[in-house]
Each structure stands twice: as C-alpha cells, then as structure tokens.
Amino acid sequence: MIALLLRDLKLAFRAGGGFGLGLAFFLIVTVLVPFSVGPQSSLLATIAPGVLWLGALLACLLSLDRLLALDWEDGSLDLLATAPLPLESVVTIKALAHWITTGLPLVLAAPVLGVLLNLPGPGYFWLVVSLALGTPALSVIGTFGAALTVGLKRGGLLLSLLVLPLYVPTLIFGAEVARRGATGMETATPLLMLAGITAAAIALLPFASAAVLRVNLR
Amino acid sequence: MTLTVTDLAITRGGVPVLEGLSFALEPGRALILRGPNGIGKTTLLRTLAGLQPPLAGRVEGAEDTIAYASHSDGLKPTLTVVENLQFWAAVFGAKSIQTALDAFALNDLADRHAGNLSAGQKRRLGLSRLLVTGRPMWMLDEPTVSLDRNAVTMFADAVRGHLGQGGSALIATHIDLGLDGEVLDVGPYKAKPKPIDDFDGGFL
Amino acid sequence: MSIAAKANALWEYANPKKFLATTERMLPFFWVASAICLVVGLVWGFFFTPDDYKQGSTVKIIYLHVPSALMAINCWLMMLATSLVWLVRRHHVSALAARAAAPIGIVMTLIALVTGAIWGQPMWGTWWEWDPRLTSFLILFLFYLGYMALWEAIEDPDTAADLTSVLCLVGSVFALLSRYAVNFWNQGLHQGASVMRAAAVTGTDTEEKVSNIFFYPLLMCIVGFVLLFIALVFYRTGTEIRARRIKALLARERVNA
Amino acid sequence: MMPDLGKYADTVLSAYAASLLLLVALVAFSIWRGRKVRADMEKVEQRVSRHG
Amino acid sequence: MIALLLRDLKLAFRAGGGFGLGLAFFLIVTVLVPFSVGPQSSLLATIAPGVLWLGALLACLLSLDRLLALDWEDGSLDLLATAPLPLESVVTIKALAHWITTGLPLVLAAPVLGVLLNLPGPGYFWLVVSLALGTPALSVIGTFGAALTVGLKRGGLLLSLLVLPLYVPTLIFGAEVARRGATGMETATPLLMLAGITAAAIALLPFASAAVLRVNLR
Amino acid sequence: MTLTVTDLAITRGGVPVLEGLSFALEPGRALILRGPNGIGKTTLLRTLAGLQPPLAGRVEGAEDTIAYASHSDGLKPTLTVVENLQFWAAVFGAKSIQTALDAFALNDLADRHAGNLSAGQKRRLGLSRLLVTGRPMWMLDEPTVSLDRNAVTMFADAVRGHLGQGGSALIATHIDLGLDGEVLDVGPYKAKPKPIDDFDGGFL
C-alpha cells in the first residue's frame, strides 16, 4: 500500500512524471479566458468563480489518462492484480496519489489565478474551501473513468467524455459555493451537498472502479 | 502446494481456444508448454494466474501461489533497476532484493533507469522480479525472448534453484531451455469449432 | 588581431573546460560589481529621491520594476541567440547557457509582474489589469514555463537541446505575434517605454517622461541587474556543464559496465 | 533616516520585499545547486578514474 | 501520401479511433459553462462567442496526443521515416487528417451549440467563418507540439503546456472576429490577421515539425 | 547494390557503443549479427537504416535500399491484417500483397483485426511487411521473437527467397535460424572507454 503510494508519487515527481503540468494547464486556461471573452474586468469578475472551477476540473481531467493507463501498458497492472493487494485498495491509493499530485496544487494555486480574473474579495475563501472539498471527488470519479477506459490506447478523449457528465454535480455545487461566496450570499446548503457527494464518492466508487478494472484485465 | 487442472476450457475474445485440458504440477517440477502460435498458451497462463475466468473445468491450488510473468515486464522506465525491484519486493513483502540482482547479474546495472536498458537487459530485470515475489509457482510466458545465450543459462539456473527449493514452474516457450521438465504440447487440446446451428448463450 | 581571428578566438570558449576556466576567473568581478551597483542604485533610489508629484512614493517601485522587466525580455533574446548558435554550430555550451538562463528569465518576469501588480493597486485601483504590456508579460511567463518544462521532460541531453532550441525559435515568433494580437485586443493604461528614449534622459520630453532625478538611480539599477544577470548566467552555465559531464560519465560507465 | 513614504508605505515596502526575496531566492538556489553538482561531479570523477 | 491520409482517416473512424470525441467534448464543455457561470442568458450571450472558440480550441488540443504518439508507440513512425516519403509531407498529411477528423466537425457543430448559449443572430455566420479559418492553424501548430513531445509517454499535459501559448494569437483574432461579428462591428482587420497567421503556419511549421520529429526518432 | 560499412562508430544516448566496424554486404548474401545483450545490435541497425547519424565512419549504398524491421512491428490493432499490409504496399508502391500473405500463411487470418492476433501471429504479419517493401536490403532485429518452429522455417524460406532474387539481409538474433550466412560477432568492436581527463565538447 504505502509502497504503491510512494512509487506513484516518485513517478509523478520524476522527469516526465507530469507533476505541476496540471497546474500550468490551469494557469493557461485561466489566461485564455479573457482572450476569448474580452478584457472587461467587470465581466471577468462575474464569471471568475465559474471559470476557475471549470479550469480546475479540466486540469484534473487531463491528468487522468496517465492514472492507470501507464501501468496497464507496461503490464504492471496485470502484475498488481496477481499481487497480494486487493484491487480496491490499489485504485484508492492511485486516486489518492492523483489528488496529492494534481488536486492539492490546484486548490493552493486557485487564489492567485483569482487575482487575474479580479475575483471579488470574499470569493477567495469560499473558492479555496469549495475546491478543497470538491477535488477529492474529482480524483475518485476520475479513477473510475480511467478504470473504464484503461484498455484503450490513448483513450484520453473518450475518458473525458465519460467522466465529464459524472463531474456535473460536483461542478454545480462547487461553482455555486464559490459564486455565492463571491457575491456574499449564504453558502451552507451547496457546501453540504458538495461534502456529501465527495464523501459518498470516496466511500463507494473504489469498489466500482476495482470491479471495472477486473473486467478490463481479463 | 500442487496445482491441479481438471478438464479446463478457456476462451479468448469470446472464442474457445483450448478445451479438455487436465494436468497437475507438483512442487519441484517444471512443465514446459508447447504449441504453435495462437494456440492459446498466453490465454492459458492468464487463466491460471486468475486474470480471466475459465470457460469450464476446475483449477485448484492457484490462489495467491502464482507469480506470473507476461510478454511485458511491468517496468517503470523512470525508476532505476533497484527501485523497480524494491517496489515489487515491498508489494510481495520480501526482505532483500540482493539475491534477485545477483541471479540475473544486475548489480552493475543497479542504478540505471530501466528506460534505457537494452531489450535483453529489460527482460532480465523483468525475470528477476520472480525471485522477490516468494511465490511457489511461476507462470512464465516466453521468458527468454531476446535474451542472449548466457542470460538464458542464468534464467535456467534461476528456475532450477526455484525448483530445488520446492517451487514449481509452468513455462510457455518455443525454444529449448535445457531444463529437464516434462513437456505439455497443448496442440491436441485445440477447441473444436462448435456446430453453429444450436444458438445458445454463446451465440454459437 | 583581425576580426575573423577574434571571432574564432571567441569560439574557443565553446569548449566547456575553457569556458569554465575563464568564467571562474571573471565571476568574482561580476558578483561584486553587480552587488555594488544594485546597493548603490536601490539605496539612492529608495532614500534619496523625492516622491513623484502624482504617483507619490510609489515611483520608487520603478527601480525594481523596470530593470526586471527589461531583463525579462533580454533574457529571452539571449536564449534565442544561444539556441541559434547551438543549432548552427553545435556548441554544447551555448545550449546549456540557454538552459541556465531560463530560470533567471522567469524570475525576472515574476518580479516585473509582482512589482507591477503591487504598483497597479494604488495607481489603477486594481491588482491586475488586462493591459497589453502586462498581458504580453504573462504570455512571456508561459513561454518560459513551457521551455523549462520541455528541458525537464526529456532525458537525452542532446535531444533536449535540439527540441528546446527549435521551441525557442518558433516560440519567439509566436511571442511577437501575441504581442501585436494583444495590442489589437485591448488598449492599455500602462505607460509606454520612455526610459530608453533620449528625450527622457535629456528631460526635454514633456509627457510621461522619467525625469533625471529618477533616471540616474534607475540607470544604476538597470546596470546592476544586467551585471547580476551575467554573473548568474555564467555561474549557472558552469553548473549545467558539470551536470552534463556527470551524465556523460555515468553513461560511459554504464555502457562499459 | 527612513524616508516618509506617505500613504503608500506598505505598497512600496511590499514591492521591495517581494522582489528582493525573489532575487535572493534565485541566487541562493543557484549557488546551492552549483555546490551540490560540483561535489557530485568530483565524486563521480574519482570513482570513474579509479576503475574503468 | 494519399494512402497515409486514407489510413489515418480509416483509423479515426474505426472503433477507438476517436472520431467525434472532440465534438462531444466540445458539446459537453459548452453545456457545462452555464452550470459553472450561472444561467443568466444575457451574460451567456455576451460570453458565447468566446466560450465557443475556447471550447473548440480545447477540443482540438485534447485530440493532439493521439496524433503522432500512437504511430510512435507501435513503431510505425520509424518505418514511415525509412519509407520513401519525406517526413515533411508525413506531418502535413497528419495535420490534414487531424483537421478533417476534428477541426471540420467543430466548425459545423459550432452554430448548433451557439443556440445553447443564445448567441445573437449575426454572430453565427462570423463564428463559422472564424472557426473555418482558424482551426487549420490549430491543427498545424498542434502537430508541431505533438512532434515535440512524441517521445514522452503520455506527454498529453506537457503537450498542452507547450501548444496553448502558441495558440494565443489565433485565439485572440478568432474570438475577436466572432465577438465583433456578434455585436455587428466590422471584422475585416482581425479576419485578415487570422487568415495571415493560418497561411504562415501552414506554410512554415511543417518543416519545424519534421525537423523535430527527426531529432526524436534518432 | 552492395552495402559497404567502413570504420563505423555508433552511439546510443550520447555514448559510443561500437567502433571500428567495417564490413560489406553483397547482393545474395545474408549476414548474421551476434553479440551479448546491450552490445549495440539494435543501435547498429537503426544507424544503418538512417534513423540515427553515425558518430564516425562511412555507410555507402544505404539510401532508400533498406527495409527495417524493429523490435516492434508497426501494426495498427484496429486495421485488419490485409489493411495493414495494403497500407505499406501503397507506401512502398508495391502492387500485390498476395505473395506476402502466402509466404507467412496469413491467408486465413486475412480479415482478423491485427489487435487480436497472438504474439507470434502479430510477428508474422510484421515480417510479411518486408515482402511488400520491394527493398533489396533487409535489416531485421530479432525477427523470430515468439515465433514457433514452423513459423521460423517460413521466415527462413522467405529470407532465402529474397537472397535468391539478389537481395541481401542483415539479421540480429540470439538463436540459430538455419540460414547459411556468415556470422558477424560485434562483441570485439565494443567501443573502448575514452580517457576522462580531457574534457572536450563531449564532456568526456
């Protein structure tokens, strides 16, 4: 277990491991938004929370295809499946590693990017909170999607298609929290829903992922 | 710990490839799988390793006793030789990787990234993994691919050593390994094409 | 010594050993000189210049802002030049110099951005404004990021050198394009470059000039930044050369193992 | 002898603090890595020249 | 040449070839936008052109990692390099195939999605025109990025990091055309710039891509 | 069309692996490359195929005359066997692929997707590609990996046929193919380690 986590982190930090790339992608997307919708800061301020959430979501999404597919291609997934580790814990560990290397940095970077889109003052706190609560769900759900598509070569895009709809609830509530926070409205309800979704996803999805993975391995 | 296979039938991509296969693999024995390309050796090994369910028949004594080595070695190109081995050692709870390194003469490759080993060097690393699993039954799929002569002998010695300690091995190969184990040619067990008129659960 | 001979003599330094030897000798001078210029310039600017009539004491930020901004741009130009040299003459040192320069450039860009942002707060009432010049700096930042990421991602040093060099070339063209695109996209409130205009120095320029009281300490800081940049590039290139040699030695050891 | 920075004091000071911090960090990191790499190179050189 | 084009198209249309995935991604992103920025139709109308351009750009981006990497992994790139085809034409063909399978569908689908974000009437024509002019550039630039990162396993994210900055000018002018068109301003200048960029990219970049590819193949 | 290699030195990952290599490959002759794992056979073949530049020495008669078959076969899993072959035939301007199909007994796999062939079947398809290139010189890197006995003989026959038509072949392999070609053991040409003290452009 620990060994697996350590290995995945090590791989992520090694050359080509792609740590920080998700972050860079987040940054770039945020920069591209004004280019596409125009520079009026008032407009940007209104869409800022949503854009940041969407950006974080996409950055998460893009890093998913490495999650299991690499292990699949070089055969280590076969070997892990025959190893004395339950596949459920394998996928959980992988999701955790993914969150540490992708979700966490996004949460920490979000406020800085908020400045670029001049997010209104109170928004920052709620943005960080909602992301911190939401990104774990993104990782777990993403792992499920990765498990579904692991057999396909370069299934990256298909993966996005499968996962994006699953991301919708998280996105809705997360963005809602951030938006309400930015406009100073109460945020309790969406926050609760968000937390609920995350908790449920973490509790249940690993089993689904493991089952799917078993099917893909045969 | 004996592996007993009784009247096994296996499928690949939904098509039965082998059927009526029965054999036993006692400790200390090696069994060499032979058969033409595409007969189903890989599929058989995967089935025994528990990666896919058999179509029919029983497999006994296979749970958590099998170390499987497939066509691909499961190496991480950006990890060094030692790191790769240590990971598997940790997963299988082995204490030392030194014996594995020695057995396949990997000591002077020890801190190279697996990514820039040559084909045969990679293969050696992949095989050395077997030694850290501590599993009694080895299932090897064409283990000597792109190994040079003395690497092949290294491998044969490793297998003999394993058998010596009461382990057993099931090896699918097309070349002669100089191992004295009985040979099982799976050719005769090729699944007969089912009559296509009765159109049952298998759509055949 | 004829020009051609001089030029040839110059290529001598493409030999890593010679480069190391020479820079080792020159480095102390650059460290000290840059330190002096920076201290003098900054102290002078910070303590002994009056406030601007409309910008108040915030003008003092210019002593960090402008030099870093200039260096950020010039660093990329230098990388472009060295990349070309590598592609044409295959001198490893110049490729490594480009690699060594990138982090300096990105830090300079960061300083320009940060000081600018802080400055914007009182002046424009906002931390960030999608002003063309600010934006183009953000884009420059992205180019630096991509360049460094590519260096990090590729194992084989020569391959990495080739790829990053080509990226630097193509990137420069697109960076230029982006500059125009951004200008077209949004008219800014940032003031135009007047430091470099003679009019500014002589003070005959009426509007948006940086008058001489501000100018000389600023010049001092610019010189300081340039010297610091040179020192850092020399030092870091030396580091890269050694790292490269380690790689080569290990590889040699491997293949003969 | 601190000059009076008026109402912009925090602005100016934070700007200076941030920039100088970044500069120092850059120099420090460069020198740290330089030292480390130099040491490593000597180690490797010795090992290689001993055998091989 | 033709054979290569046909093969790439055939591969794209086969199962797992990823045709239409870009389209679907485009669709989903556009659908997600209202969820994240909120449903006020006036707001959506103002950001519609930009969002559509950004969506198209991302959809293009995500399909890039298949462009050369698949051929690299199974060794056919080595074989193509030793075949009697100049590598320049190989990359050009590949870019063309990518445009046909990704860019073109996006252009055709954009108006439909415009409806979702109630894009104002005159906007449709200009949106299509700008995309039709811009997407080829996206494909060619993307091919360059793909050639840079072809050696790396799952270089998808790095690829985006390298390519997105190069997309900036195209995006700015393209979105500008669409935006001005939607608000009925004149569009000649940005349109010209856009066309110029596309033409230049198509004319010059294949050489860079081929050179980079050669380096990666050695 | 003769391939003449004079005093060739090749590098991998920036390090010289082989040097001082000279040989000629006349039409109608086969040359078998031997050498331990990691000596540089693959690198040599890639260099001759023009995929990487030599460090020193000359290679003559290699332009557009070489058909290269690497460790990997360049097959598209979602294309059928025939489609895969037809593509390469079109690229190399060959008219028919029938001979290729016959030579490697691929006719009854003809419209299977390459993706679900077995290891050896894949390999056979990969090798049959050589016949549609119409190139006079074959450079083969461990061609018989995971081929069964009669597939190996098929391959040997194909090579003999090729030689018979005035073609030539350079084959890196660890096993015995039953081909009568002279053997070139590259072991002796292993590059001597350079002295590390002078520290030139190559950082050695």
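When the chains are written out, they are named A, B, C, D, E and F in that same order, and each has its own residue count from 1.
By definition in this document, a contact is a pair of C-beta atoms (placed from the backbone, for glycine too) under 8 Å apart; a residue touches a chain by one contact, two chains touch by 3 or more.
Computed from a predicted structure; not experimentally measured.
*Asks:* Touching both subunit D and subunit F: give me those chains, sorted by label.
*Replies:* Both subunit D and subunit F are touched by C, going by the contact rule given at the top.
*Asks:* Which chains are in contact with both subunit B and subunit F?
*Replies:* C
*Asks:* Based on CA centres, what chain would you say lies at the far end from subunit F?
*Replies:* D
*Asks:* Return the distance between the CA-based centres of subunit B and subunit D, expressed in whole Å.
*Replies:* From the centre of subunit B to the centre of subunit D is 53 Å.
*Asks:* Quick one: subunit B and subunit E, Cα centre-to-centre, how many Å?
*Replies:* 45
*Asks:* Could you state the distance in Å from the CA-based centre of subunit A to that of subunit B?
*Replies:* Once rounded, the distance between the two centres reads 37 Å.
*Asks:* If you average the CA atoms of subunit A and of subunit E, how many Å lie between those two points?
*Replies:* 24
*Asks:* What parts of subunit B, by residue number, touch at least two of the other chains?
*Replies:* Residue numbers touching two or more other chains: 71, 77, 116.
*Asks:* Provide the list of subunit E residues touching at least two other chains, using ranges where the numbers run on.
*Replies:* Counting only residues that touch two or more other chains, subunit E contributes 16, 73, 152-153, 155, 158, 161, 164-165, 168, 172, 218.
*Asks:* Could you say which residues in subunit D touch two or more other chains, in rising order?
*Replies:* 45, 48, 52
*Asks:* Which residues of subunit E touch subunit A in the complex?
*Replies:* Touch residues, subunit E against subunit A: 16, 18, 21-22, 24-25, 28-29, 32-33, 35-38, 43, 46-47, 49-51, 53-54, 57-58, 62-63, 65-66, 69-70, 73, 152-158, 160-161, 164-165, 167-168, 171-172, 175, 179.
*Asks:* Residue numbers of subunit A touching subunit C in their complex, please.
*Replies:* Residues in contact with subunit C: 15-16, 20-21, 24, 27-28, 31, 34-35, 38-39, 41, 44, 115-116, 118.
*Asks:* Any idea which subunit F residues touch subunit C in the complex?
*Replies:* That would be residues 12-17, 38, 191, 193-194, 196, 198-204 of subunit F.
*Asks:* Can you list the residues on subunit B that touch subunit A in the complex?
*Replies:* Result: residues 46, 49-53, 64, 66-68, 70-79, 83, 87-88, 90-93, 129, 133 of subunit B touch subunit A.
*Asks:* What residues on subunit C touch subunit F, complex-wise?
*Replies:* 14-17, 91-92, 156-158, 241, 244-245, 247-249, 251-252, 254-256
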